[in-house]
Each structure stands twice: as structure tokens, then as C-alpha cells.
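Here subunit A shows up in two complexes: once beside subunit B, once beside subunit C.
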Partner chain A sequence: MDWLDFFQSITDGLLFGSIYALIGIGFTLIFGVMHKINLAYGAASIAGAYVSIAVAAYVPLPALVTFLIAAIASGAIALLIYLANFRFIPLASPLATLMATVGMLILIDEVVVHATDGMPQPYPALFADIYIEWGDFGLRGDLIFIFVLSLIAMVVLMFMLYRTRLGIATRAVAQQPVAAQLAGISLDRTNALTFVITGLLGGLAGAMIGASVGVLSPLLVVPITVKGLIVCVIGGLGSIPGAIVAGLAVGAFENFFLAFRGVTERDMYVMLLLFVFLVFRPGGIFSRSVARD
Partner chain B sequence: MPILELTSLSKHFGGVRAVDELDLTVEEGEIFGLIGPNGSGKSTTVNLICGVLPVTSGQVVFEGRDITGRQPHRVLAAGVARTFQNIRLFGYLSVWQNLWVAQNSMEDRRRENFAKRWFFGSGAERDTVDEQLEFAGLIDKRNELAANLSFGEQRRLELARALAARPRLLLLDEPAAGMNLEEVQALDGRLRTLQQAGVTIVLVEHVMELVMGVTDRIAVLNFGRKIAEGLPAAIREDEAVQQAYLGGNVGTMHA
Partner chain C sequence: MLDSKLVRLGAVAALAVAASFGTQSEAFSAEKTVQIAGFGAKSGVVRSFGINTEAVLTGAIEAVNAAGGVKLADGSMAMMELTFYDDRCNAEEGISVLRRIAGSGAVVAIGPTCSNVAEPLFGILQKNVGDEGDSGLQIPVFTDTAIKGGLAKISQWAFRNVPNENQMYKSLFEWINSEHPDLKTVYGGVEEDFAHSRFTWHKVMKERSPEAGYEVLGESKWLLNDTNFTTQVRQMKKAKADIVAISAHPFTTCGVLKEMTRQRVKPKLLVGLTSSSSMETLQGCADQAEGIIIPTSFAPVTEAAKAAADAAAKYEGSADLHSAAAWEIVMILKQVMEAQGISADGDAVDADRRAIRDGLASLKETDGLLGKIQRTDEGEAVKPYLYVHAQAGQWAILHDPSQ
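Showing the complex of A and B:
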């Protein structure tokens, strides 16, 4: 194994891992605020990206606007998921909402398959023609773009959560739901808002996956759902910094094994990583989650 | 004029009648004591008033309006605030943020524009938070995490948070639990100050020095039912009340 290939694969993986970080944040944020897992989240993210190319098929759009449409569409789908699977289902039952979101995951998947006849759809990339080289080491322009865009999304999210009334109210609900309501904060509105925010992030992630892979396919739904959950567990359920670090780490880790062990073996190692964490550090990288008491 | 009226309020958990056909009237401006042995339904009653638990039957009327079954944040908006028996602060928010996030007085909120209301708050609001911290004696701790405060400070912060939205009725669930005598006396003074400021208080408490000294009237619950109501002196002498407390003398009771 040569060091250059090693660094190349790790770097590419880190850049792509920012997408996993966004997906992981989505799972972890909903868990932090509501103590629920929204399994339809990955499907909503990909579906948002599909909506954006559907719109782009009628109106020619710059790629960046396509990304934004994906985010907004996914935010709307996430709100729909909240209304259908959480708002009117008893939250005290831990399985009810989980099963509801499994159903929603399959439903969204089926709608996408039906609408596209199961054919992969090309997705516009940004800066795909740029390649920065230092000798044999190089950086893909589209991956750099993805990384920067993810970083911006994370900074905006952190600012919102830690500096604005709305974000602090959301964290108050995560820490003490009953006391938060009696401080005048509406639980429904906070939950719905959390879903919309995760949807916006997910849609952006879905668009970036489409852009970096080059196509959108319903086959992407299950892998990103699984990766998102893994990131969320490794980072520590409810911890946003944990999800960011774990997302980048999983991206680097899987790309390393992709480069040296091949695409068919890659995900086995990622799963092993998950089990290593569950056994030796079940609380995740940051054992005390930031959102919770 | 009554500020709070409970009419045949009931809460059943399966076969257990935690609160059973309770009638209670709290007059505006008074400090009303709600006492009773453990498990007599005091905390449940508070939870029913502020919408944390759904009511099985009966009515909660606040300032002439029926607020039965309203969601807690709408009960707060109507003008009812509370504290908790086991302190429930937002532990990983700073002391200042704990109060900032609770500035939900409706009159103030409606006047604000979108950005102020949802994102940055107003300057006047920030000054108000500082004033409230000053009053609670916590201004030096404004940047500490609430979880890192001492027990007494946490109690003071919780009271300040309950007052942040300027409620007209304040429900206090065992505010003196775990306090030493000095702290109880300070709390006594604070409650009288609040009463003078026009806040009506319902005090659920086991610490009898506080209840007997500060309240205007007292109701006693046992097994979810009201067994006595009246002036503190009369309650102290009441036969049924002494029976409920296992024949103990109310004057020396501690919990």
C-alpha cells in the first residue's frame, strides 16, 4: 500500500463524509428533541432530490437552485412525515411511530419507483470539471463544493440552535419537554419545526449525493438510511458534534476500504465499525449527548 | 372574586382515583395552601390545572374562562405558571438563556416583528431578563449552565422562570423541599413580596412552618378528596386532618 493512495482515499472519503454527517444530524436531532427515530428520513432526503430534478426537467435551472429546491421539497416531505407519523400517533408507545416511519419509508420508495419506472435519473453536478492537483495527489472540485456546502449548512444550524430564540426553545424542549411547555413553548410547533429543519438538511444531502454519484436511484435510500443511523449511533444519539465527527469518520473509513478492499467488501467493514462502537463505546464518541439531560 | 375554580375535578389512573370530585375556589390575591399526606393528589391537582395531565372529568376555570384540557403552553399564555416538585430546569442552557426562552408574555410577543419574535428577541426583553436575574439574586451566575448551580440557586432560578411570563396565578409544588430554615424564611419573604405585587399563589407544601405562616387559607386533601378547608389556625385544630396525618400534631409535622 502506498501512502499517497492512502491519503487520497481518506481525503476523498472525508469530503464525501460531510453528506453522512448531514444525514446523521437529521436522525440525531429528531432523536434529541423527541426521543424518536424517523426511519423515513433517508427516503425523504432522496425524494426531495427527485422533486428537484422533476422541476428542473420543466424549467432550466442552475445547479445550485436545483439543490435549494431539493432542500425545500425535502423539508415539506419531512413536515408531511411529522403530520402523518408523529402528530396524531400516541408518542408514549415507542413502536407505533417507528413502524409508521418504516411504512412511510417504503411508501416514499414506491412512489419514486413508480414515478421514474425504476430508472436511475441523471443529476447535475457542480464544479465536476475542476480538479486541483499537487503531483499525484488531487482534489475533486465537486467534492470540495459538497464539503463547503455541508459546512455552511452545519454552521447555520449550529448558529440557529445555540444563538436564536427558536433554537434555544428547541433545546429547551429536548432537555425538559414538560417544563418547556409551561414556559410557554408549543411542543407541536417545536417538533414540526425540527422535522422541517432536518428535512432541509436531508434534501441538501440528497441533492449532493445525486451530484457526486451523477445519478439518483431508489437504490440509494436504504444505504443512506443505514449509514445515517450508524453515524448517529457512533456520534452518540442526540449529539450534533458527534454526528459531524462520526459522519466524516465513516466517510473516510469506508472510502479507505473501498480503495483497498473493493466495493463489495466496503460496507462489511462499516458494519464491523458499528459493532466495535456498540461493544466498547455504546454511548458514542461524545458519551454525554449535548441535547439531553 | 375567584381567580381559580375547580368543579368536581377528577383524575383516575385505572382504578385509582388520584383526584376525586374535587371542588376548590381560590380568591384573587390570596396565598392558598394545598396540603395532605403523600399520595393524596396534590401534585396531580397541579398537573390537571396546568394541562400536563388530561382531566378525567370536571372543570378548571381560570379568571372566568374554562381552561380544562388546554395544552400547557396555552395555559401559561392564559396567565398560569408553575414550578416543579423535582426541579426541572433546562440544565444545558445557561442561567440567562433559561429565563430568555421563558419570556413568553403574550402582550409582549404580539408586538414584535418576525425576526425579533423567532430569532433574536428585543433589547427591552434582554433588559427584562437581567432585571429578573437581579431580583432572583442570580445575576453573577448568568453565564453558568443551570445544571451547575447549587440546589438553592436552582430553586430560585425555577421560580424566576415561572415568573418570567408575568403570570397572575402561580402554582408552587413543594418549593421548600430540601431547604434549611434560613432558606425557608427567605422564601416566605419572597412569597409575600409576590402577593403584594398582585400574584395569586397556590402553595403545595409539606413544610408546615411555611404553610401555616404564609397562607391565607388552606385546603387539605386525602385520597384525592378534600377533607378540610379553612384558615390555618382552624386547620391545625381539625380532627379529620390530624387523623389523616396518622394522628400526628400538624404543628410539628415534617415531611
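Showing the complex of A and C:
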């Protein structure tokens, strides 16, 4: 591998890693607010993208509107997940909600499979025909667009969390749920809104994955769920800046090892990275201290 | 008085019961059915394969029954009856389904979809017929879809009606060489974690293409559920091969073809995996797949093949090289059952299964939708085939090697 290959693989990985960051933010935001893992998040993200192409099949839509519909649909599905798996299930039992979301993941996946017979569906992309080349170094126009769109989504999210009443309420519930309730903040409403917000981000991520591959398939559900969880752990459970950095890092890391060691070893190194963090930095990238027993 | 009345009443009741038994017995013989079990993936990402197989099986059995059914050993006719099971393309599920079928009245099982199911599933069948020390299942399994090479030799109860990819790709590369003598090099793309695609690249395309005079410049690998193919296509671009041979299923075939378009990788010729000669590929990436050449054992070019395609469409399925094999299997089974003289009695299921197995094992040649199918001693088929290519969103026949 020469330096060009090295930079190329890292750059491609960073660009694609922005999608992992979006997925990771969804997992981490829910964990930060509710201290629960929503394993159906990736499935809801892909399902939202499927809804968008179902709508586009009836009404021809520009790609951007299709992406928007994916985000809205995923937000709606996320709300349903909240109601079905969290609102009416005793939160005191962590396993109950976790297993409920596993069930929801399988349910959503099978609904998509039955609706499409598992057949790949073409997904629109923007700037797919643009490929910027400097000698042997090249950049995909659609991945640059995805990267920029993901950054915008992250900035909007950060603004919302730190500059709006909803964001303050969300952070208050995450930090001190009892005090937040005493201050008049509704836990149920805040939790539900958190799910909707993460759903919007997830739908956007699902649409971006569809756009980057050019095809949607139920095959996408498991990899993005696994990558989202890895990003969430490496970034630090509950840390949004951590999820952003970890998403980009995981994208670059896996693409580097894909080019350097091949596809059959790639995921081994990603898992190794996860174990390294769990052992030496269990609090994630931005944890202040190493907390170990 | 009361006693005689009771005796008369009892006699009438006994006669009525006897008469009713007699009627039931006659009706039973008239309504004998030959139980056929189908199984394949009807869940998960390969669901369309199971749907297509079930549709074709239903249509084929309907055609057999419409023609009078199957002639039994006693000369009576029996209808075929299909029960279809979902194995989810999962080895454990497949084994569980076959055990359930073996415990039912089915005389034969048709399936499975996936090679990764077929391989372990054939392993739980009795290896050698009549081996009393082997407690493996004794039911003939006739496979329509699982295509990975050489699986039927695992058990003498296993039979397949799948195309011989070694022969198809050998012939295809030779034909390409004769048609395009200017092409000299091949580069492979392989979905590395799927039994069929992996086998077809490493053991078929990669070995057969040099025999036809090509130099293999290298290969790019990816996984079934990968989403990013930039690195692999960049490797492909660097190789600058004349022919790119992609051994992958439709989802990643489309992902790679789209990435090739983005990076402007334009080989002079594209070759695809047999399983990708389906509507899935055209639905996912018709524009990018334009021109890709794939050998296939099915195309609706004969009357029988058109009937099979129509029957599949009637039951909301699609006839392709995999599912159309199920039509041929039903027709072969009808002939074997009649030749072997099965009884279709509920208490003679084991004997019927053995008779069908022996009949299938003795076959040397059968009728197929595209012509005669040769049968090997190892339970495999050597089927006629065609080369098709993607043209304006359709699979069009490019060449018939038998002509």
C-alpha cells in the first residue's frame, strides 16, 4: 500500500463514517436521556428510507424531498417504537425494554422483507455522477454531499440541544430526571421527543446509506445496527461529540483495514478497536478518567 | 320384547356402521393423494427465491393434477398435494424443517433455496442407501435452487436439478474468446461470505477462464451486506482488465456496478453470476447492468418453458433458472412415481420414499424445459443452457451454445 492508497482509503472512510456518526448519535442520545439501548433504531432508519421510496413510487419526487420523507417516516416509526417498547413497559427492568427492541428490530425487518420480497430497491442519490479526480486520487461527489448533509444535521442537533428549550429539557431529563420533573418538565413528552429527533436523524442516515449504495436492501439493517453500537461505545455512551468523532474514526479505521488487510479481516480489526476501548477507555473517547473496578 | 327390539336396533346400527365404513373406504381410495413437501427461503433477504419456487411448484402440480394426476401401482390415479415450508435460508431451520417433513406423509422433499442450508441438510440424510448402521433420514430430497457445486454426493438420498456452473462458465469463456479475440485479461469481484458466489469465483470462473486463454489479473472481495465498495472498485480500476467477472448476488452486484459507474470503470465486457440473471438485478440497477452476460439454464423460449413462466406468474412468482428447475422436478417425479409404482398409502410412506429414490438414482436422462437433461451417478444434473445479457431492462438471449 502506498501513501496515495492510504490517504484515499482514509478519506473514503471518513466520508462514509459520517453516516455511522448519525446512527451513533441516535443510539447515544437515547441512552443519554433514558439510559436504555434501542436496538430497533437501525431497522427504523432503513424502514424510513423504504417508506420514502414507496411514496416516490406514486409521486415522482426530487431526491432531497425523498430524503426528507425518509427522515419524517423514521421519526414516526421511532415514536411508535417508544410507545410500544418503552412507554408501556416497566423501565425498571432493563432487559424488558432491551428484548422488546430486539423483537421490534426483527418485526420491522420482516415487514420490510415481506413488503419487498427482499428484493433490492433502487434509491436516488444526489451528485452520484460527480467524481472528482486529482491524478489517481478521487472523491465521490455523492459521499461529499452525504458528509456535508450529515455535518449540517449534527450542527442543527447540537444547536437544538444547547440553544432551545426542548434541548434544555432533554439535557435536564438526561442529567437529573427527578429534578427535571420537579421543574415541570414532562418525562414522557421529553422521552417521546427524543425518540422522534433520533428517528429523524436515523431516517436521514438510512436515506444516505441507500443513496451511497444506490440500492436499499433489508441486508443493511444488521450492519448499521452493529456499527451504530460500536460508535456509541467508542464515543462514550451518552456523548454526542464522542459519537461524531467515533463515527468518523470507525469509518476511516475500517476502510483503512479493508484496503490494507482485506475484507475478510476488516471487521476483526474494528472489533479489536472496540475491545481496546472497552479495556483501556471504557468511558469512550472524551471520558475524563478511566473508570475501572 | 324389549330384547328383540334391542337386537333389531343393534343389527340395523351395525349394518349402518358397516355400510358407512364401506363407503368411506371406497372414497378413501378415490381421494388418495401424493404428498409433496417443498421448502425454501420465504423470509429474509432471499424471500423472493422461496416465493418463486412455491409459485412454480404450485403451477406444476396444478398442471399434473389437471392431466389426471399420478398413476399409482394399483392403477388408480392420485392427486399431488403440496405443503411448502419456510427454512429462512438458515441451516438450523432447514434441518428442523426436513425433520418435520420426514415425520409427515410426504414422499419427497423439494428444496432448499440456499447452498449453506443444503450442505448441512444433506449431511443428516443417510449417506449410503441400506446402511443399517447409519440412522440418517431416509427421504429423497430433490434440490431446485441451491447451486454450489458437487453437493449431491453427500448422500445417496440427495438429488439436484441445478445447472452445472463449471460447464456453463467454461463454455461461456470459450465462446467469449471466439467472439472477442481481442480480450485477454479477467478481473474478479466476489462476494466472499456467501457459499455459492465464493465457490463460483474461486472454483469455477477463476479456474475456467485461464483454460479459455485469459489471464486473471486479480480479484476484489466484499461481503454480502457491505455498503461501501469504493476500495474494491478502485482495485478493479487499477487492474485495467478487459473483462470483469462479478460473482455476487443482486444487492452487492448492483452496489458494485453503481460504484463502477461512479469511478468510470468500463471493462470491455461484464460477466455475472448465474443467480443474478433474475429480475432482482434489473430492478436494482438495470442501467448499470446493461450488457452483462450471464449463463442461465432457463429462458421462456420453448412452449414448456413458457407454460412454466405463465404458471409462476399466475401464482405471483417468477420463473428463473432456479425456480424453473422446480417445474422440471415435479414432471420428473411424476414419471418416476409412475415407473416405480408407488402406492401413496399412508402406511407405505417409507417404501414409496425408497422407490422414488431408487427411481431417481437410476435416471440417466430426463426432459427439461430447454431440452434433455443428463443425470450423473452422483445425483447431479447436466442441463442445457443459454447465454443471456441485460438489454434495455430485460434479459435477452445472446447465444444458444447448443445451436
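The rule we apply is simple: the second predicted complex is superposed on the first by the 287 of 293 C-alpha atoms of A that agree within 3 Å, B and C clash if a C-alpha of one lies under 4 Å from a C-alpha of the other, contacts with A are read in each partner's own complex, and residues count from 1 in each chain.
Keep this in mind: a contact is a pair of C-beta atoms (placed from the backbone, for glycine too) under 8 Å apart; a residue touches a chain by one contact, two chains touch by 3 or more.
Not measured: the values here are computed from a predicted model.
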Partner chain in contact with A:144 - subunit B first, subunit C second, else both or neither: neither
Subunit B versus subunit C as contact partner of A:172, first or second or both or neither: first
Contacts of A:212 with subunit B and subunit C, given as first, second, both or neither: second
First, second, both or neither for A:107, with subunit B first and subunit C second: neither
First, second, both or neither for A:89, with subunit B first and subunit C second: neither
Dominant toucher of subunit A (residue count), subunit B or subunit C: C
Subunit B versus subunit C as contact partner of A:186, first or second or both or neither: first
Which of subunit B and subunit C A:65 touches, first, second, both or neither: neither
On subunit A, the residue positions that both subunit B and subunit C contact, one per complex: none
Residue ranges of subunit C in contact with subunit A within the complex: 43-48, 51, 192-193, 221-228, 230-232, 234, 250-251, 254-255, 258-259, 261-264, 279-280, 283-285
Of subunit A, residues touching subunit C in the complex: 8-9, 12, 16, 110, 113-114, 117-122, 128-129, 131, 138, 140, 142-143, 209, 212-215, 217-220, 222-224, 255, 258-259, 262-264
Residues of subunit B defined as touching subunit A within the complex: 50-52, 71-73, 75-77, 81-82, 84, 88-93, 97-98, 100-102, 104, 117-121, 147, 161-162, 164-165
In the complex, subunit A residues that touch subunit B: 164-166, 168-169, 171-172, 175-176, 178-188, 290-293
